[in-house]
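Following this line, the structures themselves.
Both complexes shown next keep chain A, but they swap its partner, so chain B is in the first and chain C is in the second.
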Partner chain A sequence: MEKFFKFSKFFEVVKVGYLCNYTPKEIIHSAGFLPFRVFATDKPIERASAFIQSYSCSQARGALECALQDDFFAFVFTRSCDTLMRLTDIFEFVGKRVHNIEFPTKIGNVEYYVKELKDFVKVLESWGGEVSFERLMESLKLYRELEEKLKKLFSISPDYETAIKVQQIDVRSAIKLVDEKLKFAKKEEKPKVLITGSVCPYIKVYDLFKEAGFSLKDDICTGSRFFEFSYPEFEPKDLESALRYIAEKYFYRAPCPTKHYPGDGRFNYVLKLAEDCDAVVFLLVKFCEPHFFDYPQLKEKLEKMGKKVALIELEFPVVSLEQIRTRIEALKEVIE
Partner chain B sequence: MRKLQSSERMRELMAGYYMQGHQAEFNAWITSGAPVELLYAMDIYPVYPENHGALIGATKLGSYYSDFAERNGFSRDLCSYARCDLGCVFAGTSPIGGLPKPTFLFACNNICNTVVKWYEVLSRIFKVPLFILDTPFIRKELKESHLRYVEEQLYDFIKFSEKITGRELEERRLKEVISKSIEGVSLYSQCLLTARNKPSPMNCFDAFVNMAPIVCLRGTEHAVNFYIDMKKELEERIKNGISAIEKEEIRLLWDNIPVWYRLRWLGEFFESKNACLVADTYTNAWTGFGELKSTDIISSMAEVYTLSYLNIGMDRTAEIINRLIDLYDVDGVVMHSNRSCKPYSFGQYEIQKKLSVPTVIIEADMVDERIFSEAQVVTRLEAFLEML
Partner chain C sequence: MISAGIDIGSITAKCVILQDHKILAYRILKVKPDLEESAKEIFEETLKLSGLKREEIDRIVATGYGRARVDFADKKITEITCHAIGATFLIPEARTVIDIGGQDSKVIAVENGKVLDFVMNDKCAAGTGRFIEVMANALGLKIEQVGELALKAKEKLKISSTCTVFAESEVVSYISAGRKVEEIIAGVCDAIAGRLMAMVARVGVRREVVLTGGVAKNMGVRRAIEEKLGFQVIVPEEPQIVGALGAAVLGTK
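On to the complex of A and B.
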């Protein structure tokens, strides 16, 4: 395996797959691997159904399908939902090299998570990677640059194709790609819709909103939640403080419903995002419990704010785009 | 099936337990895997929405109450315990007249992350504080950092409940409760172990029906007394050669939460095939709480509750099931692929390949009877039993 690693490293494509946005990709990158976010693809789910039940979400089944067909060196699972928690073992069962990071469900205890990250560094080293303070700082800098540029791009005109692409290429190439996109980005004055939900790697779905005459703002795991962070204010001085920096960066990022935030942080975040929007669309993947539990009460609060709300349930691969188009067009008519 | 007399006593005991809840000064809604001992030690009455969900399932009212939640926007794909519980809150009643309004909520995610979301919803409805006891998932090794993380939270929880109730947790009282908890779990385990006898004096349906005291009354004299009597009854049965079913030819193990609305039907089906489900992974999960120590209570609590059956990796789960297979000398395993419980069900396809005896998987749901397809289940089980 080490031979494979050295060979692949020459071409800089030692892919370490990850599924959850809370995965500290900076550490993976600094160790010399390519952090590669795994999504469901356009291909039908065939082999994965032999390993996990049909009532698992299609993102989980799609990612497993992808893992069974692709050449990943390893996979990193970060604790989020119950499905991912079990998926780690299933990946290992089908012969994949895996590691699970126990990201706390309850946001608060940084000390504990720093220890978990230290253990993760050791795992990466056991996989043949090398993590040093200097390299980690370089990765932190690069990812921050990418995140800030994506933020800028999205503030002008959200580009989901780019947001998804950058999660599967090297961070330096990703920065170049966003720079290119920034050159041509134009702001559009159209009714604005907030889309909120879990993952949606299907660009066509976003296109449907644009085609219906909406401009977009999002709280989507494959969109803004990839790059919305509150950065800690201290400057790391050594490896341990750099890990603490990462722990805090990920604790206080755009919140996900798989985490428990004090003071109902997740709801307040979405309500704030919705303030300048004309409507809100919940774009939820079927069987995604964390999002579906939030939906009724969050919807009620949004409606109290005077927002029009719609729910679109997705399953990957998306086979009925026209149905989704009808829903979006109906929403547009209601607003008008 | 030969009904245990203890089951009748259990009903009376639990009726008393539910009645008490409406009179308690403070009560906390708590998840089934949370350390209830802390509540009893502070005289805070524990209310179990999951047990309530099971009761609704057993009365075949799962879809009826779930419908109230679904009409309020909660998806039919969510856990049916949660849907039923929320449905009862919206309906303002339940088969037992509804649960008392909580003083606060206490959820531990050592059984699933669903409870975190479910209790967040409850917290918004009742506008009461929620404490989440966050246990890391122990896929491989239990690390010192995991234990310290949970231990710190247990101390936080004590402060949290002391602040709300104005009561102080007394060490002496906690020790008493822990000692009762250990005693109760030990007696409960001995009851389950009587099923090692051939033929078995009880089956898993008896265990399901009589597990409520170990869940809800763990740490009290009531649970201890109940299982003393149940053990006596089971030992009497062994002495007198009375078995759970008429003719025990095949011994089986059940995996996952019961199909509550089909307990009797499943019991009769297996009996008609001379098959006895002598043990199950669900009720056995509570035997692990017997590892609590009466010294160094909080750190032992952190360890025991972090290592709960649903909070461990697949290798360990398969090891435990194989141990149960040997212990109860079973010929096969019936796995309930439970649409409502992802952490219990995902991984079953892999676990079955690690087990030492043949297995069958049936698709159902613990409470929502709309999911159950009788013909499909019969076909699968009949083929499996013939093969055995």
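On to the complex of A and C.
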């Protein structure tokens, strides 16, 4: 393992794949690896079907396909949905180097999660990485800069292509890319739709909304849930407190339905986002249970707010774009 | 004001020419792989039937899944809105529109000519005209025979697979078991109605219910839907042109 690491020409090219937004990218980056978010791609899912059932979501199946065909040093999973948990086992079964971080389902116990992160640091060191307080602080600073800039970009004009790209390149290059995009970003006054759901790495789907004449706001795992965090107020003094900082940062980020937040945190977050939107579209990946479980109740609450609600189910690779276009355009016609 | 509505569907192209709330002419043709050519052909043929010239048409509105390919249209509007408008134009009391097309089916809640809510099945052939086509082929029937034959059945066989391919296997298995063709096809019609009811439940059903699309002509499906709803539905005289009619009506506004 160490040999592999030392002989890599650049640190950045040693890719550590991850799937979930709860993954502490900063620690992976500070250890000298490139945190690379794995998505389903345009390629058909073929080899993965030998190891995973077709009733698993196409993001999980697509990610496995990608893992089987691409060159990753290792993969990091965080406890989120059941499918990702079982995917951890499948990745191990097919011979991948895997570490699973037990991110608590019930948000609150920071002490426990700091211990889990300490174990993760040891794992990264066993993989040939090196985590120091200084390097971790540098990574934290860089990711925060990226997140703040993405927030700014999305407040002007959401750019999903950029949001997805920055999850697969080095954070410094990502900051430069967002800086470039910020130079040309323009705000548009159009009917606003909130899209809510899990992942959608297919840019064409977002384009359909724009082509129909909508401006976008999102609660999407490949969109603003990547960069929406509430940052702890303390300044870390050593490695342990830096890990505590990361634990709190990820505990109080944009909530995802795989976690239990006190006081209906997830629903309140979505309802708040919907306030200034003309309509809400649930953009759900087929078989994504956490999102589908929430859908009926959330839909009811949004309708009580007077919002028009539509459901679009996705399956990757997305092929029926015209049918999705009809739904989106029909929604536009309804609110007009 | 004279307007034309063109509906390019997955199996057929439809065109309606409307003048002051009166249908002057309409035409239905099989759609060709070249959708632009199909759109021109259906428009020209309907124009010929109406006795009008191209320059006499004030507005052209395109709808259906091929609407984007109708370059000469002044406006493009989704089939969801067009079916709602077309159904309300014909039956002002319409509150729920069930449209069963060749490639998809939709349930639309309407009021005062406005779409309140809709659901659409487009991911699989279950609950669409294609489902009937595949089953009719397996049974060696012409599509036009299906409805009438289904009405003759004394018993409806159960088709439990949602997937069209597996449902076809069930049909083949019933044929091998020597079951009557009318009983099998009645089961097929019932299966379509069953799939639609799941969509109806999501939107909520309010009377009057109007059935549109090519499959609305199938008496077997119509009866199965009425049995499941527990009341009669309204089928316009020519249910297949309702989308094109809605587009033409919108062209006048």
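Criterion: the second predicted complex is superposed on the first by the 333 of 336 C-alpha atoms of A that agree within 3 Å, B and C clash if a C-alpha of one lies under 4 Å from a C-alpha of the other, contacts with A are read in each partner's own complex, and residues count from 1 in each chain.
By our rule, a residue touches a chain if its C-beta (ideal position, glycine included) is under 8 Å from a C-beta of that chain, and two chains touch if they have at least 3 such contacts.
Quick caveat, the model's predicted, so the values are computed rather than measured.
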{"item": "Chain B versus chain C as contact partner of A:E46, first or second or both or neither", "value": "neither"}
{"item": "Greater chain A contact set [chain C / chain B]", "value": "B"}
{"item": "Which superposed partner A:V334 touches (first chain B, second chain C, both, neither)", "value": "second"}
{"item": "Chain B versus chain C as contact partner of A:F93, first or second or both or neither", "value": "first"}
{"item": "Chain B versus chain C as contact partner of A:T326, first or second or both or neither", "value": "second"}
{"item": "Touching partner for A:R79 - first (chain B), second (chain C), both, neither", "value": "first"}
{"item": "Partner chain in contact with A:K299 - chain B first, chain C second, else both or neither", "value": "first"}
{"item": "For the chain A and chain B complex, residues of the former touching the latter", "value": "50-53, 55-56, 79, 81-83, 85-90, 92-93, 100, 102, 104-106, 109, 112, 115-116, 119, 257-258, 260, 264, 286-287, 289-290, 292-297, 299-300"}
{"item": "In the complex, chain C residues that touch chain A", "value": "65, 68, 77-81, 104, 114-120, 122-123"}
{"item": "Touching residues on chain A, where the partner in the complex is chain C", "value": "311, 313, 315, 320, 322-323, 326-327, 329-330, 333-334"}
{"item": "Chain A contact footprint on chain B (complex, rising order)", "value": "72-75, 77-79, 82, 109, 112-114, 116-118, 120-121, 124, 132, 134, 136-137, 139, 143, 145-146, 148-149, 152-153, 313-315, 337, 339, 342-343, 345-350"}
